[in-house]
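Residue numbering begins at 1 within each chain, and the chains themselves are lettered A, B, C and D in the order written.
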Amino acid sequence: MSQPTKPGAEKGPRLRDNLVKYFSFSAIVILVVGFTLARPNFLGVANLKTLLSDSAPLLIMATGMTLVLLLGSIDLSMGSVCSVANVLTVMIINELGPQLGPPALGAVVALLAAAAFGAVAGLLLGFVHVKLKVPSFIASLGFMSLWQSVAYLITAAPVSVAKVMWGGINWFKVTFGVVGLSLVLALAWVAVAYLFQSRTSFGKALYAIGGNERAARIAGTRVDQAKIVAFVLSGVCAAIGGYFLAAKLRSSAPTVGDPFTLLIVASVALGGTSLSGGRGGVLGTVVGAFTVSVIQNGMNFIKVDAYWQSIVFGFFVLAAVAISVDRSTRGLVVK
Amino acid sequence: MAAKQPTPMTIAEEFAAKVRRDGQRERVMRYAPMIVLLALVLIFTAARGAAFASFTNMVAILNQLAIPLLVALGLTFVIMIGGIDLSINGTVGMAAALVGVLVMNNRFPLNLGFLGVLLAVLGSVLVGLAVGLIHVYLKIPSFMVSFAFMYVCKGLGLLSYAGQPPKIIDPLLVALPKTYWLGIPFITWVAVAVLLVCIFIQEYTAFGRYIYAVGTDETILRAVGVSVNRVKVMVFTLAGLCFGIAGVLYGIRLGQGDVTAGNDLMFPAQAAVVVGGTSLSGGKGGVTNTIVGVLIMTVLANGLLLVGVNSYIKTGIEGLIILTAVALTVAHGAKVVSK
Amino acid sequence: MQESKVCFSAKGIVKHYGATHALKGVDLEVREGEIVGLVGENGAGKSTLLKIIIGAENPSSGQMTMEDQPYAPKNPMEANAAGVGMVFQEQSLIVNLSVGQNIFFGHERDFRRYGVINWPRMYKQAQRVLEEVDVGHINPRKKVSDLNFATRQMVEIAKVMNVTQRTDGRKCMILLDEPTSVLSEEETENLFVQMRKIAACGHAVVFVSHRLDEILEVTDRIYVYKDGASVGSLNTGDATEPLLYEMMVGRSTTSEYYKLERQVEPQDAVVLEAKGLGLSGVFKDVNFALRRGEVLGVCGVVGSGKEDVCEVLCGDQKPTAGALYIHGQKADFQSPAQALAAGVLMIPKERLVEGIVRTLSVEDNIAASNHRLVSKGPFVLAARVREQALRLIGRLRIKTRGPKELLMQLSGGNQQKVVFSRALASKCEILILNHPTRGVDVGAKEEFYGLIRDMMQEGKAVILLGDTLDECIGMSNRVLVMKDGRLSGAFDAPARGKPSQVDVVSAMM
Amino acid sequence: MKRIKVLLALVLALAMVGGGTLALAEELKDFTIDPAKIPQEKLDTVVSLAVSVRGLENPYIATIKVGMEMFAVYLDSIGQKYEMQVLDSGGDSNKEVDNMRQFAANAGGNALAYSDPNENAIAYSLAEAMAEAGGFIGTAWNKPADVGPADLTPNWVIHTSPDNVINGYNTAKALFDYMGGKGKIFVCEGMLGNTAAIDRAKGLDQALAEYPDITVAGRDTGNWATAEALTLVETWLGKDPDVGGVWCANDNMATGALQALEKAGLKGKVGVTGVDANTDIVEAVRDGFAVATVSSNGYLQGGYTLAICYAAWAGLIDVTTLPPEYREFATPALLITKENAAEYLSSVPEFDFSKPFACKAD
């Protein structure tokens, strides 16, 4: 939407802009310091281990969502794609794994299958969104319902990974010092996404489309292609998130991804990516995902009374976003 | 030219034909939600006959329509200004919990009667106001503010009775869900009244014009000296009011204060608003569209239940219908930008 | 003309944003019944001055009076109340509302009875307002989205006229910020008639345009601004285009404005050919060939189909008839991306809507159409992007704090320069320049012209939709004229022997 | 799933405090916490108590929290320092595991937890979180068949459960008998994919097999929620107003069903059953509006599980030597019908936490 921008608001001193920018990361610092003061063992080895491995699934999914939000679109189906990948993973490990021999092999096949499903789900959503011009919010909402059904149809009841197959999923418990292997893998994935986002023409296209889709199209950007790729990647991220959850929980559940649907978006937004597209990136998402994890983790540390928990959580989220919201670029309309 | 056309069309004729075609397509798009609704009704009538088309079932649909309609009405205005409100589950739940606590009930001595009902609604209104103020003045996207308030409100609702839900024993409120007028339940009448108020606001007040304008281009309002911020805050407050009324009615319908009343209302409401034809980017659509959207969602849920579709695939079918309905209502073509 | 009473005056208006002085003490005096033109390059301070007058910005210092009253509006509402109204450069109509609702937007209170808006009364009133500006044929109940741009402009003027009308006999002042940029000749003429009518009633009109011919045609007096200060004011009768140009730029214009001496003869090789091209309901039977080293001008009124021809050429729309050949190969573009791959790129007309990505940096905007050229394998090389941006920023003298600055922080003219840079960077063989100099000041225009001549020497080919007819003829080797969706004329335009504007116009009308 | 052979219809009070009075053969059942045997440094250490549950908005779940608070009162009485919290997962398995890991990381070896795994499949992960930190956990209701407390000795102290299949079967049977063995019923199942929901439905299906004249006129999930059950029953009543009974997988949904029946003027004419013994449903049973519900006794589950974990932590029992039937056992579930509803409502729950194994059903 075109605005007569106020020139006055645009020529402010640069130092302030930078301060505002870095201030946005202070939410997580304030939270960590606050929780540590309240409970010194918040930064103890045991909890660091927890914090630095449990956030991996959220981080991976949020990375995928970042790419979609950069377009100015949204993918609400990620949670249920995650569920389907989750039940698919455990089904393959349990049913196919024993025939394949070593548990690791079953796990690899399951990973491939889950990722392939994620890609197909993303492709379908991308196709419906791009070709039929259904807004991504509502298209992904439709697919959310659809994949929920599919997850139930694969296995209605939660299923544990059979004990004999635990060899294929025990990697989730591996830690290097306090850093879990799962987080290392997640960060590696983020690094790949970062390269993708900032060093390839696909990444440049994402930002251009998010900023002004029409202009990007006229400039010769492959808009449809970039959008579909972004949705495919978000689908794959959701599926890998589901795979990680299977390893983490040693089980599958057809509803496991549902609570993630909005939490992922919130993580990305907390990381400074604009919900209207064009600004932000996956590095911010790392901060955002950890902010969410720290809030959830810290809540259990300061022993908030049970009936107050969700109130306190809501206010923490509000405070974190109030601190971290990107006000450096002024004159933009906030929706 | 070898094959001679009898009369090659001139550009003007082509243009006229194109305008006609566009007009037809637009009409199809405009009426697509109604066509979908009609199709659903026909399918379910064919499948279940009397069970679906019976008077009792119509009343049941009207009864079930009331609360989703109220919620969707509030959401419609928010979506029209290009915002979004995720707090629904919380605000509705909170109002449903508070009404149980504040009126004559079996757990708490408070017996505020009608005042209690008002206070319960007021709680949600205040939350809507808070969402609006924080969104506007701290410049936080409405998505995030309402996301946070979903938790806050859920918590407040839970806290209000802490444990066993209070059973409403106020005789008037107990009687309300069983009260019918012209064969239509009281709760539905309330929803209809709110609907009329919303139509009035949209069509006959300056505020209604401003809602369209904010969704189209905020700078225009600034140019004529209308406070965009005030319009936005009012929209969120109005939404809070709708959610509050929905929550209170839900509590009364359930006969107890129950914070879970709001669960799973949010996404269907979003779907209903969009399926009805209100554009997510703002400025387009309106209350009347929402009525059709809510009808589609309600009839669909009711019909699938009567047909006895396996619950596992029910949500999937709902998803497909949403996709189909929206695909019919949106503009197509290479130049169309959809987010 | 006898001296009439002063309607509005501004003295010593200063405005600074931080360290930048946008206005360094400008004066403006407008008399009742006078049409005053403001001219100046981009960044000369015209827009800032208008924003201060309308109350969208506050001056850092300086005084204004309106009809003998001290005047210091805090917002456009107050300005309207004092009798000052403005037609904005970007249109300010709400497309989903009807014409009538737009005209009275913000003034619904006047039609309220018992809290309810009396729609019939409002529409009746709207009809009257529209009739006052001679566009009574517009149905006030029609949605604005169903109107074309020119009609919307008239609605806009009607709206402004309505809010500034005074009942106490005092006069009002209308500000028009480049209102003609979306209008056809005919509509521009109607606008001028309206302006004169308003002035004849004793009201004041301030008119801003980059088209000096329009300024000379319609105004009574002209203020010239340069670098945030007034260079002088003169009666239109005393002004000529070269004189104004000299005052604005500080040096004189000559016939080398369009760098005619550097116009080259096109080579024989045809790079792009349209055969029987048509788009249902828009244009038909369009045939032409574009040669290497040729600037092919396309003229026509708004609605003649020339814009749509461009959109078809650059792959944005698919033709419904005929075919397009690039280097003799049939091209079937599905999207602008495919056209780009074949070496065809368009500079769009609507800068904000189609031209720039406001949230991206200058360097990324410049590199938007040539990722492949700055990439190695799958990776875009940041250093090359930077280097390319710095080169073009220097060459086009883009005023920016650096290649990393976001485009939204640049002024309109500089944004247009970035768009032009993008075309240069794309290294495309065939460029479709749709109003490339729109909203750009005279100095920059000259640079653009030089760059286009350079490209021709490099053997590229350009299809040009000029911002003015003069520009189109001056720059082109050949001029095609479109009328009602068909080619209605073609003129050769060699450096010596340009066709006269009259001839071209007669083919347009 | 392990089937419990004995059907329990004991009066609740007996089951709860009966351990002391009904002298049973196994002496473990009489095991008593002797405060004198607890070293002073243990008493001075702050133990962290937690109950990990699905969501406090459910009245049954809220009673688990109360059970923990009752046990805390007992700890006060013996001079044990403690702190306590509720880990509310909101029905999110992943969050429940995260919560438990964070609780364990915080409290370390002094963590004692009762956990009601959101899904059976995560029981091991919950216990494992505790085992890594060195704390003690007792799980209830849900766990997979192939893992159990024995896998994580000593930290996974016990797993207890009322039998959901039997609960579902019993309420169904009570309903069918009320209907005279024939007629139409509506079924409101629990949340899709939830273990308890699936098991209770399994019990219903067993009963249906025994009563061939009962037909199911409508069957769908009410997601454990009052509101959804209300909508379901309302819709079904439109086509089958001659229904004889409504079987609900929990009491929240039974509340919704009763509300729908009341609106249709059928309250008291159509039988309703639930599970959980929410106060309003027990009252309805007493007043003849509902047929039956089941008390799983959350107070007992929460309080006694923590008591056993406490005994293990304090070193009073050696988990490694506990016989298997004291690691996995059934807790009493009480079918509440018109006969015992009034009594159930009037009896004040009272527990002797010094005899933690008194909660064992047989």
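Here, contacts are C-beta pairs under 8 Å (C-beta built on N, C-alpha and C of every residue); 3 or more make two chains touch, one makes a residue touch a chain.
Keep in mind that what you see is a predicted model, and the values were worked out from it rather than measured.
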Problem - Most distant chain from subunit B, judged by the mean position of its C-alpha atoms - result: C
Problem - By count of C-beta pairs in contact, the leading pair of chains - result: A-B
Practice task
Report, in whole Å, the distance between the mean C-alpha point of subunit B and the mean C-alpha point of subunit D.
Solution key: 38
Exercise for the section: Could you grab the centroid distance between subunit C and subunit D? Build each centroid from C-alpha atoms only and quote it in angstrom. Expected result: 74
Exercise for the section: With chain centres taken as the means of their Cα atoms, state the distance from subunit A to subunit C in Å. Expected result: 43
Fill in the blank from the handout: subunit A to subunit B, mean C-alpha position gap in Å, rounds to 28
Practice task
At least two other chains touched by the same residue of subunit C: list those residues.
Solution key: 56, 88, 316, 335
Problem - Multi-chain contact sites of subunit D, meaning residues that touch two or more partners - result: 56, 65, 192
Fill in the blank from the handout: The positions of subunit A in contact with two or more other chains are 2, 4, 152, 156, 214, 217, 307, 309-310
Fill in the blank from the handout: One finds touching chains in the pairs A-B, A-C, A-D, B-C, B-D
Practice task
Within their complex, state which residues of subunit D touch subunit B.
Solution key: 56-57, 59, 62-63, 65-66, 189, 192, 218-221, 223, 225-228, 230-232, 234-239, 241, 252, 255-256, 259, 262-263, 265, 278-280
Exercise for the section: Can you check the complex and tell me which residues of subunit C touch subunit B? Expected result: 56, 75-78, 80, 88, 92-97, 101, 105-109, 112, 115-117, 119, 163, 280-284, 305, 316-318, 334-335, 484-486
Fill in the blank from the handout: Within the complex, subunit A is touched by subunit C residues 17-18, 20, 22, 48, 51, 56-57, 88-90, 314, 316, 335-337, 339-341, 345-346, 348, 352-360, 364, 367-369, 371-372, 375, 378-380, 382, 401, 406, 408-409, 411, 422, 426
Fill in the blank from the handout: Within their complex, subunit A touches subunit C through residues 2, 4-8, 10-14, 195, 199-201, 203-205, 207-208, 210-212, 214-225, 274, 278-279, 329, 331-332
Fill in the blank from the handout: Within the complex, subunit D is touched by subunit B residues 48, 50-52, 54, 56-57, 59-60, 63-64, 158, 162-165, 167, 177-178, 250, 253-256, 258-261, 263-264, 301-302, 305-306, 308, 311-312, 314
